[in-house]
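The structures considered in this document are given below.
The same subunit A turns up in both complexes below, where it pairs with subunit B and then with subunit C.
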Partner chain A sequence: MMKKLIQAVILILVFYLILKLGIPALGSFLHHGTWPVVPTNLMRIYVFFIVAGVLLYLTFNEESAKELGKPIKEVYGNPEKGGLRMIVIAVIALFGGYITYQNVKPSFEAPVELRSIHPAPPSSVEMWGKPYNLLKLTNPFREDKANFEKNAREGGIVFFKNCFYCHGDKLDGKGHYNSGFSPMPANFVDVGTIAQLQESFLFWRIGTGGPGLPKEGAPWRSAMPIWQHFLSEEEIWKVILFLYDYTGHSPRTFG
Partner chain B sequence: MGFLGKGLFKGVSFRFTSLTACLFLIFFASTLILPISHNASLSLKPAFATESPAPAGEHAAPVLSKAEGKPEEGKKEGEGKFTYQPAPKIKVEDYPIVKGFNSRIAVWIVAQLHLFFGAFVLAVPIFVLVIEGVGLATKDERYDHMAHEFIKVSMTAFSITASLGGLLSLMLVSFYPDFFKYMAGIFGKTMIIYALLFFGESFCLYVYYYGWDRMNEGFSKWLHLTMGLMLNVFGMTLMVLSNTWVSFMMAPSGIDDAGVFTGDIWAAIRGPLWNPINLHRFIANIAFGGSIVGAYAAFKFLSAKTDEEKAHYDWMGYTANFIAIFGFLPLPFAGYWLMKEVYGYSQQMGITAMGGAFAWLFIIQAVLIGSLFLGANYYLWCGMGRIKGSERYTPAIKYLIVVIVGCFLVWFTPHTLIMTSKEVTQVGGTHHPVLGFLGVMSAKNTAVNILIVSTFLSFMLYRRSNKIATASWTSTGNALQVALFAGGAINIVTLGVYGYFIPANIRIGLSIPQVMTTLTIIIVSSVLDGFMYKGAKSTGPIEWGKMGQRSQYALFLLAVSFTWLMGLMGYVRSALRQHWHVYTVFRDNSLDAYTPTLGYAAGIITIAVYIFIALVIFAFWIANFSAKKHAEASH
Partner chain C sequence: MKRKELFILFFTLTLTLTLALYTFAAQGDKDAGKKIYEKKCWWCHGEKGEGNGPAAEFLMPPPRDFTLGVYKYKSSPPGQVARDEDIFRIISDGMPGTMLGTAMPAWKDVLSEKDRWDLVAYVKSMTDLFQTEKASGEINFGSQVSSSEESIKKGKEAFKKAKCFECHGENGKGDAIKKLKDDWGFRVWPRNLTKPWTFRAGSEPKDIFTRVSVGIPGTPMPSFADPKSENKLTDEERWHVVNYVKSIQDDTKRLKEGEIVVKAKYAEGNLPEDTNAPEWNNASATAYQMVPQIIAKDRFFKPTNDGITVRALFNDKEIAFLLEWDDRTKSIPGDADAEKLAEGEVLEDAVAIQLPVTIPEAMQKPYFGHGDKEMGVNQWYWSSGNATAAKVIDSTGLGSGKARDAAKTDVKGKGEYKAGVWRVILKRSLTTANAKDDLQFEAGKFIPIGFASWDGSNGEKGSKHTMTTWYWVLLEPKAGSKVYTYPAAAIIILVAGQLWFARGMRKDYEK
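Take a look at the complex of A and B:
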């Protein structure tokens, strides 16, 4: 009678364990010495849809659906199963209570923040006392093919004098001070960072630093300095040229 | 031609009616054709201009007169100078306050409801016309009855759409007069044409609906179909016309930097987002309309008293689900095109949508779209239970579920993960080394294409359930199909993986071969199946009505998910303008000129969805009531 119900529980457990252990194991394989867990918030959504998938599988067929529902009907509908019913209700209530307690119990951990890593840039920005239209802004050194290598090398010098302490000599975000920051410095090699962005975006981000982020970017959490205070416009454009040249990415274009 | 003698309506001769109808159609067709003809922009220019210098008001920028520059083309000697207003710079006190109303919430909800109903009443005539045509071609009256019932459901909705449209216009005039004035200064004539087209649409709809039983034979049936076609022509023109106002607000064109209309209405109409919005709305309307009539069929199925009724509404629900899926499958691609154009128009807008403030609404969108796929597939799998012979294919369903749920998980995995600080430490940063790969478009495109291919496979298995192919080359055909699906899936995944190694701008372009692969699988295997199952042996008829009740809730899920999805994503599209009435041209300086929190926005949209569902239930009830009366009268 319990066959389908047990099957459902086993299937859910198996898929849960595949995600719970499989993803960190794969991450550990890619980056030795780490155990990148699946964030709890995401895991909850995953589990919800795993449960939904298992239920869909066990109920699309009439007989299977009836068999799955049979023990539930038996416990709740059979007057002779009053004792068992009370136990089941008590277990469900206690489980609900446990989940609630886990969610509301006091903790010293900082609350979860919804931080947007690449928030939308403003349409214009003021740097070095003059306005820049970010919608139309392009890198003035990009089209100078004759001096490209020279400019990129000069950008590299700027990078290694100022940026590599955090962003690392491989531009992978693993500089000397890496572990001291949360959020950690950006990994430019990753396909999800500068490869997704236009050069004007980088110009704005570097020039205005962490404090220049909009609210959804949680400016209070970023340790990025306001580089317009330390670098010239030309140096910032050259360092952008270097970032793309070194990583092999191309600046994002549209249309 | 039998109805010639009877007269179309009691007391009205056919000749008179048909003559009036023809004149009416010619008149409206001419209004329709005029604006798109080549010379139209020349002749329309003066008509779109304000005839006297526009009052600038205290807050408005100086009026720029086009006539002071070079003379307007088409302008005659002696006519007044044509001037266009720049976008006014209004202040908070310029927005009228109507006691008891919050301007933004009122306009938001009414506009959303108008769009829900508008989408529904534009969609229903499209598939009603197709179903009626199928009925005529196959000479199967059941199609005709079903098409009639579908259009009946939309009749009350049509009135509600019109009422909401009127209410919306009045609200815009009352709450945002300066904005409305500016828009009318540019699009005034299109607004009038819109209203006239609405008359044309109403005329066609009423003749189409009320003439259904009378115009059901011979030539009159063709005339009836023509009415249906004209109804759709009017409906579609209405939609693309109103889309111009929306796309102008998002990505204005045909104006200078001060927001002064250049006088070329065609330039103002064909903004960069106009056609992507047209296509996206057209496809989405079909999917949405199908899901709503599917909910109607489910409602009727669950309340059916007899087996005949159950069988009828089961079949109707199946057809509606088919329409919804048919519209739904190409929808993600139209969405990609729209977002690509949004990014192309403004990086800021694109990132705000998908990487910034609204990114989490896209995650909700992904969850809802995944639910739609699950719901639509579940309905098909349940439906196989009423087909003798489907046992051959049901073992494959468990693999389909694993693939569909797997793709779904990839589809909604966000790029920016919400993590506690402890988790950030464990992961080694905010970028997850495994899940991070699932957050970019390469993974999303791959997942959605596999989802679509799997859904199509479910549909194929459903269709094959009660058939045994008799063609001599059946085993070769099956092998070809297996190779097609496997090869296609490998190609989609390989392209997806390849996307990680190339620049982002080229990566986006990979979605085209991925989509082409999906379409090739769908088209080629449909053709192969068509030939292979021609003259196939049947294992028994589909036992309509023998469907589990829970499957009907999948149809409700589709309707509610589509509605909520439309509201949420419509909000994102509209809110991308942020504090602008017309992006970068006409600033919103009202008290509500800020982007609300996602929770607040989702709350307002949910209220609009509740109201819509309540009104739809009302429309169902009215349709039900009329059916009861009809049945009693027949009895």
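Take a look at the complex of A and C:
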């Protein structure tokens, strides 16, 4: 007798769980270390359509509609089931009260701040009072094969005098100051950072630091210093050489 | 016959080779270790292992010097060299990273077990010591005493008897008046025992027992298991000390994942004037990590303070913040005790709150380092030299800060130092007549807030200080009556609706 109703409940539950857990799990699989939940507003719309869809499906013809309605009719209509009726009425009313309370109680959740992690670079940038065309800029030390090891090592020394306390001894973004910052320092070992970028992008990001970010990159939060104030052009190119050499990544090239 | 001999020869050879390889693996291959060292380790520990790599000058504590063969965190009996397992453990697990930890990361995620043993062999080869000496094994742990009120009480007595307080202070804050140096000539501070998450080699009972029993070689921390020591404690007494140390952990100073909002609680009547008033316990305490200022010249790398704990209360007129942090030294210029302890000149201890001039409407905030030209900040600054007042600094970018005329502000400050802890109140009216220059507080709105602090005995002054990124302060609005009326209405409607529905169903059913 209850078969149709149970079927409806199970169907709704399965679809709900797919949204609640399945989507974040898929996201976690695609981008390791993340757990992208479906926003509450969107979830409400989805749940509405799921319930409507399941009911439509189960009341496709009159017979199945009747079967679905049968247990409901039993509980609310059968004069011999007064006790059960009172319990069902109370549970549903209390549940409604609870949902309402959840919605009106003051919420102290901090605003979510979104920011673009790799914002589009400008076509040119001025550093040390000179203009640089970022569309054409390449690392002058990349082609110097004879001195590659020496230059990368010098870049490493620049890294371990200036960068490691945030970006980490292992270049994994976990330096000893890392947890004091938001956003967290970039993890260069990860395939999603320097491996996706051109050397000119790194040159721009290092040279102009956090305050050099466009607004979508939330420049007011980044603790990346403006390195043109501390380092020379040569030192920045060498440290970029080191980042790729140490991690084994290759820079993205033009074209 | 010949075949059999060949077989025996082959068998013996294989056996010898396997055995040789096995021993090799256990001992590590120092030449293979050297290759790894030259890629991963020398940057801090130096080319020859002297602890003087390019990164060393930015680190406090400094990287280990391997050429002396002295290892601070070891588990062999006092007087003996470190065990291979001790060196292996530190390479594998590192030393706690954040909150004043060292820069030594855990290498087990990028180096194989063999790589790590090879490194042990290589760093041991940097001194002659290990050619002649070998640890006999682990210290004797006796039988562990589980924690109880009685054991903690006994531990406290033993803490007194063995004179632990002479360095670690009466309350374990590491604030006893002693200027300590290690064998390398570096200034060292006794551990703040109320922050076990900063213990270098772990804070499990067994780890603490090991430190108390073995001491920390190269530093003034002695062994309390050494029969020659007049402060020797028995195994059982040392376990009591462990339980005592565990019991004084100060959880209000511990960072908690995801805690980014200072929740200001509404208070009836006047806000407390006393830094130790019980009313402060009504407000929830949240802790934030301080990092040294590294974004602008002159940068700073060797802080002594690693965190700040914040509570806030407000009434209809005012808001008051209680800022609390552990500081081993009460630094006031001219103070005789402070001069005995300081490195160089005694400067002021200080603390500051940073707020935007206006509550941001959208995502954009002022730059977290002193604001920017688009959006300015107010900084409320308190210092130990003038402990019953506060200044307001207006800033629209690094280096642009100007202290406001005292007549044009009503921010009040008051600070008190007690047993290794600074507690400072900063208070202001919620709104001011000067809305152009002052933040106007509004309940229910998330307002960006940041903090900074200076340890005067550690040479911190001006740009050399510790700071936080932007967090939030929220003045918790009074909930109002709708929290009760709305759910009640929902319940009444649902009950009435269902009864009405049931009536209809009943008629239907009877048919």
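Just so we're on the same page, the second predicted complex is superposed on the first by the 143 of 255 C-alpha atoms of A that agree within 3 Å, B and C clash if a C-alpha of one lies under 4 Å from a C-alpha of the other, contacts with A are read in each partner's own complex, and residues count from 1 in each chain.
One rule holds in what follows: contacts are C-beta pairs under 8 Å (C-beta built on N, C-alpha and C of every residue); 3 or more make two chains touch, one makes a residue touch a chain.
Quick caveat, the model's predicted, so the values are computed rather than measured.
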Partner chain in contact with A:Val191 - subunit B first, subunit C second, else both or neither: first
Contacts of A:Pro219 with subunit B and subunit C, given as first, second, both or neither: second
Which superposed partner A:Ser182 touches (first subunit B, second subunit C, both, neither): both
First (subunit B), second (subunit C), both or neither touched by A:Ile50: first
Which of subunit B and subunit C A:Lys170 touches, first, second, both or neither: second
First (subunit B), second (subunit C), both or neither touched by A:Thr34: first
Contacts of A:Asn61 with subunit B and subunit C, given as first, second, both or neither: first
First, second, both or neither for A:Arg252, with subunit B first and subunit C second: first
Touching partner for A:Asp144 - first (subunit B), second (subunit C), both, neither: neither
Interface residues of subunit A shared between complexes with subunit B and subunit C: 110, 113-114, 182
Contacting residues of subunit A [partner subunit C, same complex]: 72-73, 76-79, 85, 88-90, 92-94, 96-101, 103-106, 108, 110-111, 113-114, 156-157, 159-161, 164-166, 168-170, 172, 174-182, 209-211, 215, 218-221, 223, 225, 229-230, 246
Residues of subunit A that touch subunit B when the two form their complex: 23-24, 26-27, 30-31, 34-42, 45-46, 49-50, 52-53, 56-57, 59-62, 65, 109-110, 112-123, 134-135, 173, 182-184, 187, 190-192, 195-196, 198, 200-201, 214, 216, 249-250, 252-255
In the complex with subunit A, residue positions of subunit C that touch it: 39-40, 43-44, 53-55, 57-58, 97-99, 101-105, 107, 110, 255, 260-261, 263, 289-292, 294-297, 299, 301, 363-368, 372, 375, 444, 446, 468-470, 472, 474, 476-477, 479, 482-483, 486-491, 493-495, 498-499, 501-502, 505-510
Of subunit B, residues touching subunit A in the complex: 340, 343-344, 346-352, 355-357, 359-360, 367, 370, 374, 377-378, 381-382, 384-385, 394, 397-398, 401-402, 404-405, 408-409, 412-436, 439-440, 500, 503-506, 548, 550, 584
